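Just so it is clear, A, B and C label the chains in written order, and each chain counts residues from 1 on its own.
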Amino acid sequence: MFGKIDEMKIVKIASIVLITFVIVVGMVIPMVAVPQTFWQFPLIPGLEEKARNIFYHVPVAWVSVLGFLISLWYGFRYLQTNDFDNDLKSVSAAGLGFMFCVLATVTGSIWAKFNWGSFWNWDPRETSIVILLLIYGAYFALRSALGSDEVRARLSAVYSILAGLTAPFFIFVMPRLVGGLHPGAQGDTSGSTPVAQLHMPLNMRLVFFLSLLGFSLFFFWLWNVCVRAARLEQTIFSNKQ
Amino acid sequence: MKTIAAIVAVVSKDVRSELRTRYALNALLMFVLIAVATILFALRDDHLSSDVLAGMFWVVIFFTAMSGLSRIFVSEEERGTTFTLQLVATPSVVYWGKLFFNAGLTLLLTGAVAILYIVVFPAFVVQSPSIFIVTLLLGDLGFAASATILAAIIAKAHSKGTLYPVLSFPVLIPLLMTVMQSTAKALDGENISDAFGDFQILIAYLLIMAGGSYLLFDYVWKD
Amino acid sequence: MKTVSIDAKNISKDFNRRSIFHDISFEVSSPASLAITGKNGAGKSTLSKILAGLLTPTKGSVEYGIDGKTIFSGEFRHVIGFVSPYLNLYDEFTALENLHFLSRIRSNTIDRQRIQELLMLVDLWHRRDDHVGTFSSGMKQRLKYAFALLHRPNVLLLDEPTSNLDDDGVEIVKQIVQEQKKQDLLIIATNDAAEANWCDREIKVGMDRGEKQ
């Protein structure tokens, strides 16, 4: 994936096309009470226009989790192989994941303000994304506090695995423990559960999954660039020795 | 059997060491006093709901634990005895030994905080002692399970003191949220069967974190 | 009487992705003695830690054998005795307590006779109930020898054997070294030529590597 430039061309073009399409279509298609054609979205009482957020906020949040998972995987690979290239990939994924996590938290907060009245609410998903942010922060704090490259790579891999072990609790347990405001949570009676039960009509579902795909590809593009840059940096560094 | 004896020896060495020097233990107990005093002065006579009390209870325990649970590894690093210990003990012996020591220490500190709270805050009345005790036991063990391996990690880092809570908090959140909820139930005098869900989560957390940290310990301990 | 062997194959160690040394290989079988020499910073202490099983090499491996059978790193602690500036004992315990505890952790035994023997050998028996924190650096060094020899190790690793020692201390070490060489393995890491000469073989770590008899 990192060697052949042609492969990446497809990723780059696809991600640009998909994201542009989603941005345009997501904002432009009108919402009507009873959709007649493919190019109309249903109006969900309670959410209305704000439902459009689903095309942007959720994929960004998903990518921040994806970044963590990839970082965890390559950290694990480093522990197995002691090959620094794995550590490089792990850190790059974490850096990007962190960026997307900030974006997700901010877009989520803004939407929360418009939807529920305040920037911070005790909602399991909102809480989970902040916890992910804390994990990323802790990961980077740990890396900067460690002396040698070998120890840094090893211990940050261990930490991300430990943090990853707590993930099941956030995903499965918390939403059940704490009633939430997010569409699809325990206390939600308004019936607006588009994501959790995929009640979205076909056209919205299509745009949503295209957005998911587009943002994911975008992530891989960015990751590819970061890893190549880091490898070059490493080459310059070792040539100086 | 030799492994168990070795683990016991590690624990007893750490216990003797703490009792011998006493600095850490004294400082920790003072810390508990100060922390509770701070909260007392901040909240005074305000009518406190059980949620707030339960929350504040575990906040004090969290920070006390952060002050005390990293000692077992940090002191070895600082005194240059890490290699000595590595030479005589296998990693699992060190892991279990340090874990049991930390579990004991956490139980001790939690007990002290609980007593202080009951004495100092009139609203802190444990109406369901059974829920309270089970929560403390499971919560403390889970706490120690996570905190021990994290202590081993930061022992190799700079700025250990501030880094420890930064690393620990995200990992401990599921535990903290659950024990706070369960403790509130204990204060409210609910039925122990209402807390079974919480206990299940605590047991799951304990098993997952103890198991995971046991598997990962080698990578942290051995350079 | 056991034969111990060490087979080091292409050991390399990096720090911060820079190589400290690479491709160190040698084989020794008891009775034998090996000196590891080299300039400061060449990696002698690092190599000795790797041989003791305390550090993992970046590349390569160390294989220990007793009577031809390979032993795994989990068993090393019964076979290796190590004296090093990086290996300290517990200041808050007495000399006796240190040896008791470490012995219990290692093998759940306390051989009081052996402990007494060794403390007398290193001339610390009269200070056995004093806290190690009150010891001078020379005394601490001697106590490290008592610790290292406690379990009659087949492999004795010494990193800077006579650091902090006065003439009497050096004599004690010479005695220990002679004993070890008779039937077991002795490995000394040092940049002191006199100490290196205690050994029959030498291996150099650093720029100009090689081995000479």
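The criterion applied here is as follows: a residue touches a chain if its C-beta (ideal position, glycine included) is under 8 Å from a C-beta of that chain, and two chains touch if they have at least 3 such contacts.
In this text the structure is predicted, and so the values were computed from the model without any measurement.
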Most centrally placed chain - per-chain CA mean versus overall CA mean: B
Determine which of the two chain pairs, B-C or A-C, is joined by the larger number of C-beta pairs in contact. B-C
If you average the CA atoms of subunit A and of subunit B, how far apart do the two points sit, in angstrom? 32
Computed distance of Cα centres, subunit C from subunit B, in Å: 38
Taking each chain's centre as the mean of its CA atoms, how far is subunit A from subunit C in angstrom? 52
Residues of subunit B that touch at least two other chains are 223
On subunit A, where are the residues touching two or more other chains? none
Subunit B-touching residues of subunit C, taken from the complex the two chains share: 49, 52-56, 74, 77, 80, 82, 84, 86-93, 97, 101-102, 104-108, 147
Given the complex with subunit B, which residues does subunit A contribute to the contact? 79, 131, 134-135, 137-138, 141-142, 145-147, 151, 154-155, 157-159, 161-163, 165-166, 168-170, 173-174, 177-178
Spell out the residues on subunit C that touch subunit A in their complex, using ranges where they run on. 14-18, 58
The subunit A residues in contact with subunit C across the complex are 82, 84, 148-150, 234, 237-238, 241
Interface residues, subunit B side, partner subunit A - complex: 146, 149-150, 153-154, 156-159, 163, 166-167, 169-171, 173-174, 177-178, 181, 197, 201, 204-205, 208-209, 212-213, 216, 219-220, 223
